[in-house]
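The same chain A turns up in both complexes below, where it pairs with chain B and then with chain C.
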Partner chain A sequence: MADTKIGAYICKGCGIGERLDTAQLAMIAQKEGKAQVVREHEFLCNSQGVEMIKNDIANEGVNHVVIAACSRRSKAETFNFDNVAISRANLREGVIWITPADDDKKEIVQEMAADYVRMGCAESLKMQIPAGNPSHGNNKRILVVGGGVSGMTAAIEASKTGYDVLLVEKTGSLGGWAAKLHKRVPNTEPYANPMDTGVADLIKKIESDKHIKVHLNSTITKTSGAPGQFSADISTESGGTATENIGAIIMASGFTPYDMNKLPHLGAGKSKDVVDQLGLEALAKAANGGPIKRPSDGKIVSSVVFVQCAGQRSDKEGELPYCSGHCCNTSIKQAMYFKDQNKDIDTVVMYTDLRTPGNGEDFYRSAQKKGVIFTKGVASEVVPGSELQVKFQDKILNEDAIAKADLVVLATGQVANSGVDIEQVPQDEPGKWAANKQSVLNMVYRQGKDLPLLKHGFNDSHFICFPYETRRTGIYTAGPVRRPMDMVQAIEDATGAALKAIQAVENASLGRAAHPRSGDLSFPTFRREGCTQCKRCTVECPFGAIDEDEQRYPQFNESRCRRCGTCMGACPVRVISFENYSVDTVGSQIKGVDMPDQFSEKPRILVLACENDAYPALDMAAMNHIQYSAFTRVIPVRCLGSINTIWVTDALNSGYDGVILMGCQKGENYQCHFVKGSEIAHTRMSKIDDTLKQLSLEVERVKTYEVAITDIQRAPALINEMAETIQKIGMSPLKF
Partner chain B sequence: MTDVVATNETILVVGGGISGMTAALEAAECGKDVVLLEKSPSLGGRVSQLYKYFPKLCHPTCGMEINLKRIKANKRIRVLTLAEVSAITGKPGDYTATIRISPRYVNEHCTACGACAEAVAAEFDNEFNYGMGKRKGAYLSSAMAYPQRYVIDPRILGTPDAEKAKSACKYNAVDLGMKEETVNLKVGAVVWATGWKPYDANKIQPYGYDRYKNVITSVEFERLMDPFGPTGGKLVRPSDGKEAKNVAFIQCAGSRDRNHLKHCSRICCMASLKQSTYVREKYADDANVSIYYIDIRAIDRFEDFYKRIQADPKVKFIKSKVANITEDKATGNPILHGVDTEGYHRYDNPHDLVVLAIGMEPSVDASRIMPGVKADASGFIDINATTEAVFGAGCASNALDVNRSVQNATAAALRAIQVVNRVSRAEA
Partner chain C sequence: MTDLNKVMVEKYRNDFLKEVEANVEEGNWVKMCMQCGVCSGSCPLGPHWEHPPQEIFMMIRAGKRDEVLRSESMWMCTSCYNCIVRCPRELPITHIMHGLANYAHRLGIAPKLNPTRRFAKMFWNNITAGGRVNELKLSVGLYFMDGFASGIKKGLEMLPVGLGMLKTGRLNPFGLFSGGHCKGAGDIRKMIKKAKEIEDKRKGFAA
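Moving on to the complex of A and B:
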């Protein structure tokens, strides 16, 4: 690689030129920042300004650019040059917009700007242009696990896009539970009648598609590798094991119906005439349009009660706390099986909240028109007998009542086939991975065999805006394994998952990161000779990207990495770094600040702010003319998890008077897009008090906060609070 | 002139809300070229006007920041704002989209320094706040606005304000001579993500939205929580600025009703449950929330959130379709009249403020997109009756929450990719 040649560009626009002595900033960039090319410009983001920079890149050999202008969030597309390391010194939102224009403040404001220029140059000097992950794989085949509607849809859609697919199904046939349905809930106008399931068509498409290879009666006994280079051992029908290479994985392992025998009070297991929804589908299939007969004696059913939320939405031990989403529509459909055959059959749907969102409302109305009775009530007991008695509390009349029926259908819920709960099951020793019958993927990952669960046994994403953001890069869940859902949603979900899998293999082949740092070409490396094999990085990586090799050194799987830097923050001996983000790139900024002496009454407050939430909050504070202390020096970090405590200790040792860490909300409703980063940082910082005591510093000098992007007023207030604290407790004695 | 390079391997995404942004990004991050159109001056759509999301109570701007960062970094996405489709002609894999771009009167030289807004005196109702409060005649719709470029309201043209804005700008960014443009783009596939609009609350006569100041909609309620919104983040009622501590939510306002929207809008139950936490956040134990509902549709694991709110002693659930609202002239309190169907009690309940959990209807009736695209009875794109290369995404295709919109938009992006991949294979 060519030698680093820094070009520093100082903008005078947006009032920077009026408020600051840019000539002095230029001198600092040159003398202290070691920038070989330094230019001031009236209006850097206009075409001449950009051309000037491009010209220096092309003709002057500038390969590191420091833009001293507005925030890195502004004009990001304008200051985007290929194959150049870019740093931003935030003089607008970071300095002139958050400080008063008063003459008596001019000096400290100028010092703030000067420090940001120093910091930008210091960062630039330590940065390298990311070259992209060299150990990437190019396999673009997609593995789909599960041959139900979700899996088949994902396979067909991926194939239609031009990708080869390997479909593994554990049973002897495709179709999953949907193949056992008589009909499905309608997905089209007029949303009035049950319709064909369409499963036969899906199976036909799979069977006639030469780009989809199907393994029936097969399970995955081992999954290893990374996006673009996964390998899966498949125990096949013949009893052998086939090893297949694939680029990405869609886990569509579906659900198991809740075991209704756990509901004896509702007659399950006590009367043959109490069935679950799948039991009723079997009866309807057998009847094939004729009268539905009940299991016990073959009598034609003349009255049926559907008990909604059977064993669901329940706080009872062993029952499901959640709602399975599809069951209201499913019971409506099943009531129509009866009504469409003979309108005189009594059909009662007993519910607490009828949940038919969207056009399901039309389906609900259609059932009402067909004479289906809907009763708001909670069934407490089903008494077996030749005529079943459903004891329930009528919620409208507020009284106990009994409904009689030939047949009772329990609308039970979906239980996810999500494999092993890796938080609960003790992990095997790496290298001794035995196939686990419950596991779906049997992953050879340091952090466990299956995907981490979100809640209630489902493998959903935690993020509302990013439903496909899984914690194992290149592996996506689809269908009811990720969240209870109906067929309409499962089809959409599987189609989306197919896109994400395709995107994962495309990104992997280019050595690029996946969401949320999409396109990032940097990746972590470590200095083996310095490593103490402490395992912190392999344990703390939120994405299971780091395994351990035979000698217990970390083994980075770069294509699994999401570039958050949590490993870098975890490393006590600081051997982990990214080309453009390292202990040095940040450390040199911290040290680059010009530290006034103890008697100057010019404290320095270091703020390490999450670049996605706290940093934008400070930016928006600036846009709203909210001021904070000019003694502040803010450094954006990829994630609070990437903060190595050495930065904090170094800052204190070099005389900073206060240090503030601003990360995202942690805990159950965590907002950290790197999952555990903020939480880990809080834990690490909880031990900082000891360090402070050793340095004979007050504990108030270091604070860690959860800051949301909307904390536009609070974030500056927290900084000002620290400034007040310092005023109270005095300057740090550790200045040199 | 707007220069956009597009070919029949380009995907056109219409609508820059969360669904459109998602479809555009997911396609672009698969290596496809995308043109993303937004009719308003900035991206973000309705989610950018929300205070929090259910059920996590996290902030939509957080995800927006990630998406904007992805857009800024991705050279395959071309964003056109103030842009609307006037026609799409051609056939799958070979469409011509005619796009009308309204003048912003501010060009790419804008640095978002804000000098023009300071210079301008005229103020207009703030559409970002659903008409509550005012904004300047030169404005940035919010601090998160992208593109980060000011807009001159056409209503100040020809007034001294226009000239003031122009002379305040040091960067020649204000261009009062800017004209409407029409561009024709060649595209292979279209993702239609024009989103939703709140049902017109004036049409629900018995609830008196048009007559009583203290009856507002759920989307307006969101804006009250924004510290930079119309009330400076105070939860106060419109008539007299009194603290709104006793708040009623009326579910199915316009939804599940043959006279209005016959579909269920899906999000409103969860939205009201979420908004009940806003009242608690502001007034702690002085808060009193009443939710008037038919069914609480807290589907799948949202049930957890419902249980959490049910456990709150300050939130009451009343199973009732509210019959009508009157106003106590002396206090300005809206009074809700109806029958609690659990036990059949009549009630006449006064509240400080009433929030209508307003229904969702598609912004654009799908039958008007282009020949071949069919709408269902509610105007949503019928998934089974679309053309081979125009795909609905998000709330243009169904009443969806954010999570489902994003899934749906991701699926739509793949369908569009399939079309352009077919084109590129045919041309290879």
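Moving on to the complex of A and C:
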């Protein structure tokens, strides 16, 4: 590659020219920043400005561009040039918008801007132009595991978009639980009556689609590889195994109904006339529009009670703590099976909160019109007998009461078919993988055979922010294995997951990262000679991207990597780096700051801010002209997890008076875009006190915060708090 | 038990909801309540009701016939329409409350001494007698509803209001003596009688 030639461009627009001495900045870029081409421009983002940069790239050999203008979050498209390394010095949001325009502040504001120019150039010097993952795969076929409604929909959607699909189903037929339903909850206007399940149509579509290959009676006995280059062993019940190559995987392994026999107090297992919702579907299917008969003696049912939330939303041991989301609508539908056949049948739905997602409210109203009675109450006991007695607490009338019925239906919940819990089950030694019957995917990843669980046994990485994304790149979940849901949601899910899988294979084929740094061409590499085989990177990578090779060295799977840099932050010997993001690119920025001496009364505060939430929060604070200390120097990081403690130690050693780390919310309700990054950083930083003590520094000088993107008041306040702290405890003695 | 009440109990057996649907004004709305409690929370008199509207609807569905019909609760409604405006299910709650009160009254099981019921009766007699309300007679009647002594007391309390109304011509001082009937009051009475016959027949009260 050609030698580095830095072009630094200083914008005078947006008030930068009025507030700052840009000529001085240009000088700094040239003298200290080693920029060979330096230009000021009235409005760098206009077509002339951009043309000017393009021209320098084409004709002057500029291959590293430093834009000293607005925040990197602004004009990202405008200042995007192919095959050059780009860094941004944030003079607008980072300097002039967060400082007062007073004359007596001019000096420190100019110093702030000058430092950002130094930092931009220093970063640029250490950057390399990312070339894209060289060992990427090109396979674009999609494997769908599970032949229920979710799986079938995902297969059809992917095929419609032009991708080949392999559909693997464990049982002998497609359709899953939906095929066992008499009818389904309506999904079209007027949302008033149960309707045909549509499963037969789906199956027909699959069977007539030549881009979808179906394997029945089959399971996955081995999964290895990475997006664009997965390999899966598909084994049939009879013992045959076929190895197939695919680009991405959609896991739609669905749910198992909660075992109602765990609810004997509600009569399950004690009376044949107590059934779960699927039990009722079987009865309705058998009746086929005629009167529904009860199992014990075949008597035509004349009264039925539906007990909602049976064994769900419960804090009792062995019961489900969550709501399965579909069961209220399902009971409403089932009550209609009775009412539509004979309006004189007494149907009572006993609920604590009727939850009818989607257009269920209309459906609920329709049931009320049909005369279904809804009673707000909690069933405590079902007494078996020829007439069942449901003892319950009426929550409105606040009294104990009894409802009598021929048949009782328990609305039990969904349990995810998520395979083995990799945190509970010990994993095989690398290289000694054996298929496990309980596992869905039988992955040969070092981190475990199945996908990490999020909550309550469901596979996802964030229910709201990143649905379908699991913590294994290129493998997506859809349907009730991801979170409890009904058919409408499962269909939406499957469509979403299919799209994700398509994005994954397309990004992989270009050697680029997938969500959330979609399109990123950089990837982590490590210097083998320096590695001590400590395994921290392998263990801490939130996405299981790093395996171990035969010699027990980390083996990076670039296509699985999300480019968070957590491995880079973890490595004690600092041998992991990206081309454009490394211990050096950030380290040189930290050291690039001009450090005033101890008696100058000009402290320096280093803020390492996560680029996903904290940095935007500071940008937005700037847009609202909320001010913070002009002694601050902010460096965006990919994720708090990428922070190597050496940066903090170096900063303190080189005289910074305070260091603030700002990352996303961690823990159970995390908002970290890389799931574990913020948490890992907090753990690492909990040990920083020892370092501070060794340096004879006050522990208040380093703070780690969880900052949300909405914290536009708080983030600047935290910085100002640090400035006050420094005023109290004094300047760092380590300046030289 | 009054005869009519017996008939109705026999006819609907345990299904009070059906009975309400068939006989109470707007009764077919009762099943549509989703028990959110907005009505009870919106009613200015809510805290004073033994069973606020939401509860009444639940009691109807739970078949608590006697508790509902003999209750004082629906007589508390002042027709402010707060609940109707707010009910997310658009139940005509006010009308149902009056419907229930009226039905209980027709069955002869409404609480005898309920002041609203007594006032309503007084109002009805007053207006149907003359085809228009005789305000003086009505208020005097209302004051003396609970006996002579308390009537005098209430009358004195209201004296300044009454005098004000006199001054502005809002109260006819001779109303107590003159009839104050509208023209053709007799015909109105006939019409009301006929209407009642039709309603009784339709609802099966005629028995």
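One rule holds for everything that comes next: the second predicted complex is superposed on the first by the 729 of 736 C-alpha atoms of A that agree within 3 Å, B and C clash if a C-alpha of one lies under 4 Å from a C-alpha of the other, contacts with A are read in each partner's own complex, and residues count from 1 in each chain.
We take it that contacts are C-beta pairs under 8 Å (C-beta built on N, C-alpha and C of every residue); 3 or more make two chains touch, one makes a residue touch a chain.
It should be emphasised that the depicted structure is a prediction, and the values quoted were computed from it without experimental measurement.
In the overlaid three-chain picture, which partner chain does A:I396 touch, first (chain B) or second (chain C), both, or neither?
In the superposed model, A:I396 contacts both chain B and chain C.
Check the residue A:G247 against both partner chains and state whether it touches chain B (first), chain C (second), both, or neither.
The answer is neither, since A:G247 touches no partner chain.
Look at A:Q671 in the shared chain and tell me whether it touches chain B only, chain C only, both, or neither; answer first, second, both or neither.
first
Determine, under the contact definition given at the top, whether A:T710 touches first (chain B), second (chain C), both, or neither.
Only chain B; A:T710 stays clear of chain C.
Can you tell me whether chain B or chain C touches more residues on chain A?
Touched residues of chain A are more numerous for B.
Does the superposition put A:G474 against chain B (first), chain C (second), both, or neither?
A:G474 sits against neither chain B nor chain C.
Touching A:L354 in the superposition: chain B (first), chain C (second), both, neither?
After superposition on chain A, A:L354 lies in contact with both partners, chain B and chain C.
Which partner chains sit in contact with A:T375 here, chain B, chain C, both or neither? Use first/second/both/neither.
A:T375: touches chain C, not chain B.
Overlap the chain B and chain C contact sets on chain A and report the shared residues.
Dual-contact residues (chain A): 354, 365, 376, 396.
Considering the complex alone, what residue numbers of chain C touch chain A?
On the chain C side, the touching residues are 17, 31-32, 34-35, 54-55, 58-59, 61-62, 64, 89.
Show which residues of chain A lie in contact with chain B when the two form their complex.
13-15, 43, 45-46, 70, 73-77, 80, 157, 160-162, 187-190, 313, 315, 321-325, 351, 353-362, 365, 376, 395-396, 398, 455-456, 458, 460, 462-468, 483-485, 489, 492-493, 495-496, 498-500, 502-503, 506-507, 515-516, 518-519, 612-613, 616, 619-620, 623-624, 664-665, 669, 671, 673, 708-710, 712-713
In the complex formed with chain C, which residues of chain A make contact?
Residues of chain A touching chain C: 354, 364-365, 368-369, 371, 373-376, 394, 396-397, 401.
Can you list the residues on chain B that touch chain A in the complex?
Counting only chain B, the residues touching chain A are 18, 25-26, 29-31, 51, 53, 56-67, 69-70, 72-75, 109, 111-114, 143-144, 148, 170-171, 227-228, 255-256, 262-266, 295-304, 307, 319, 341-344, 376-378, 382-385, 398-400, 402-404, 406-411, 413-415, 417-418, 421, 425.
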